[in-house]
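The letters A, B and C name the chains in turn, as written, and every chain counts its residues from 1.
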Amino acid sequence: MTAHAIDPTAALGPDTTFGEGCVIGAAVTLGRGCRIGHHVVIHDGTRIGDGVRIDDHATLGKLPMRAANSATTKEQELPPLTVGDGCIVGTGVVLYRGAAIEVGVLMADLCTVRENVTVGRKTIVGRGVTIENFCAVGRFCKLESESYLCAYSTLEDRVFIAPGVVTSNDNFVGRTQERFKHFKGVTVRRGGRIGAGSVTLPGVVIGEDALVAAGSVVTRDVPPRTIVIGSPARVWRDVPVEQLLENQGWVDS
Amino acid sequence: MTAHAIDPTAALGPDTTFGEGCVIGAAVTLGRGCRIGHHVVIHDGTRIGDGVRIDDHATLGKLPMRAANSATTKEQELPPLTVGDGCIVGTGVVLYRGAAIEVGVLMADLCTVRENVTVGRKTIVGRGVTIENFCAVGRFCKLESESYLCAYSTLEDRVFIAPGVVTSNDNFVGRTQERFKHFKGVTVRRGGRIGAGSVTLPGVVIGEDALVAAGSVVTRDVPPRTIVIGSPARVWRDVPVEQLLENQGWVDS
Amino acid sequence: MTAHAIDPTAALGPDTTFGEGCVIGAAVTLGRGCRIGHHVVIHDGTRIGDGVRIDDHATLGKLPMRAANSATTKEQELPPLTVGDGCIVGTGVVLYRGAAIEVGVLMADLCTVRENVTVGRKTIVGRGVTIENFCAVGRFCKLESESYLCAYSTLEDRVFIAPGVVTSNDNFVGRTQERFKHFKGVTVRRGGRIGAGSVTLPGVVIGEDALVAAGSVVTRDVPPRTIVIGSPARVWRDVPVEQLLENQGWVDS
């Protein structure tokens, strides 16, 4: 079973290796030195950089599914999926056509990145994470395991989303025509952090370098550099100075 | 690798196409115009309607697993999995033998539907959703991404379950013989809605067209057409008239 | 497509069967009477006992991924993955090299067990569960569907983790160098239980046979044999006598 189904129009870089049973579609480009696992499926037109690791059973460049009953997914022309140099794509990951992944991003096992999404360089997308459509995720972010980023969300750079965080975008909870004008997920400003298992209501803005304590329910905007806690979340105190982003000595490179 | 393993007793409709490396078991029936992805596995006896899309790495008709230590899974004869016309089955989805899926259902990537489950027409089962065994899910429901429906739950028609909702069915939390008589999940009446990240205790009933606000913990039954909020959830106010199901102009067809 | 890619150095026991398209790496050992599904990938050196069931699309013995930006994953030599007699490995499961799974463990669909983890005999790891690296899980535990066990956690024997539980291990939420000295997940003593959708803060200890009520946020240690509830969780009352572990008549065999 060393045979593969590699379309003759695919362009494969030197020193790129394949496991068993891979399927590589038409006009796919793969850079040099990539390491592709077993049973990996890469759909037509996907563009993958140099030195990318893709693990078993991953699916790249998938076309969206349209439900008879969907509120938000429209027919559309999508640009090819792009995956930057040095990215790591885990086992069973699903990446959609119409996503753009910058260099050095880790996408852990069983995560999903939908169409019309950008993910900035060196961000970590944790195990089982979902990034829904129409999201912009910055650089050096961490979305930890099993966190959920709903459609129409924005994470600026250096944002930290802890495990099991749930975000939401529809204040009308699936009712009224009015709701289609207002879908809005979470916005987290540079360096903002959301603690484990917290829930954010539609449209809330987490201010720059602010922190939502674990287990909170965020119903209102969170001021910069403050910690909020509880259900509903209230301001508790300032973020400790030693935890501020500016005091970490991190360089955005 | 264009070879497949299609059992000679499988009945394949006209205009149905297969990706690479599919495995189609004995006595499987597939309707006309289906589009089957790569590395799809369909187990013996599964019955699939017309115009069904099944994406890469999906598994249909899986037999249950029985733990040495399981409290609820018994040996049983299960009818074949049935999947209605026009359904969409996402990447990495797992559907069990003994589930019955009506027409036009969307089962998004990485969701699981267990045995002894019915899912009504045009319902959307979101990304990563689990529907455990012995559940009945109505028509035109939406179970959004990463929500969890425990065993012995019932959703009537037009029910909306937001992302990250967690339900439970065992008030004895795994102790006593007594508990086996009382397993009961959530019951959501027609048009009931549960907001993002909420948790429901065993056996609660969410009344017709009621709404559980995001981040709540539901410990008691929720009256029809009311909104509950908090932990534990208390009645807050009536559902706004413009959000009532009867005012949406929806037709159940 | 009945061809497989079985490395000639793999040692396969009698009466072990394979589905289609399996990939079995170098020096893998498989016991007698195993039942291996379709498209299963078993990486080099993995050691599997007798009578093990492995379902479709599972991946065993995966090597860790190292993010450019990871706080905790170091380069290391890992011992081979070991899977004990009579284990069941569900569809799409991912087990890492460096995990040790004792006999009779059920690992349900789409769960993940990371490197440097031990799982005791007859434990149930539910659907979609994540057990992160550096965890010790005891015998006869149940981690129910979609629960999340963070790195550096310990579950003693007979622990029960309900669906959707989220644990955490970093009180510094990704900031300061100091945090690297303090990563600590949850510790649950023998017979401890955590209810559905609860969240635990870093380092908390759930006492022997204690119970965290569903939907709680646990910020402090929980005394033995007590029930805590709420956000933050407070002591409510003693665990009912009939629910105590010593009154279940269970034998640890």
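To be clear about the criterion, contacts are C-beta pairs under 8 Å (C-beta built on N, C-alpha and C of every residue); 3 or more make two chains touch, one makes a residue touch a chain.
Keep in mind the model is a prediction, meaning the values are calculated, not measured.
Enquirer: Just to be sure I understand the contacts, which chains border both subunit B and subunit A?
Expert: Chains in contact with subunit A as well as subunit B: C.
Enquirer: How would the subunit B/subunit C interface be labelled, same or different, where same requires over half of its residue numbers to be shared?
Expert: Mostly different residues.
Enquirer: So, what's the distance in Å between the C-alpha centres of subunit C and subunit B?
Expert: It comes to 25 Å between the two C-alpha centres.
Enquirer: Which subunit A residues reach two or more other chains?
Expert: 1, 21, 39, 57, 92, 110, 128, 146, 164, 231
Enquirer: Help me check something: in the complex, which residues belonging to subunit A touch subunit B?
Expert: Of all residues in subunit A, those touching subunit B are 1, 3-5, 21, 23, 39, 41, 57, 59, 62, 65-70, 92, 94, 110, 112, 128, 130, 132, 146, 148, 150, 164, 166-168, 172-176, 178, 199, 201, 217, 231.
Enquirer: List the residues on subunit A that touch subunit C in their complex, please.
Expert: 1-2, 19-21, 37-39, 53, 55-57, 86, 88, 90-92, 104, 106, 108-110, 122-124, 127-128, 140, 142, 145-146, 160, 162-164, 193, 195-197, 211, 214-215, 230-231, 242-245, 248
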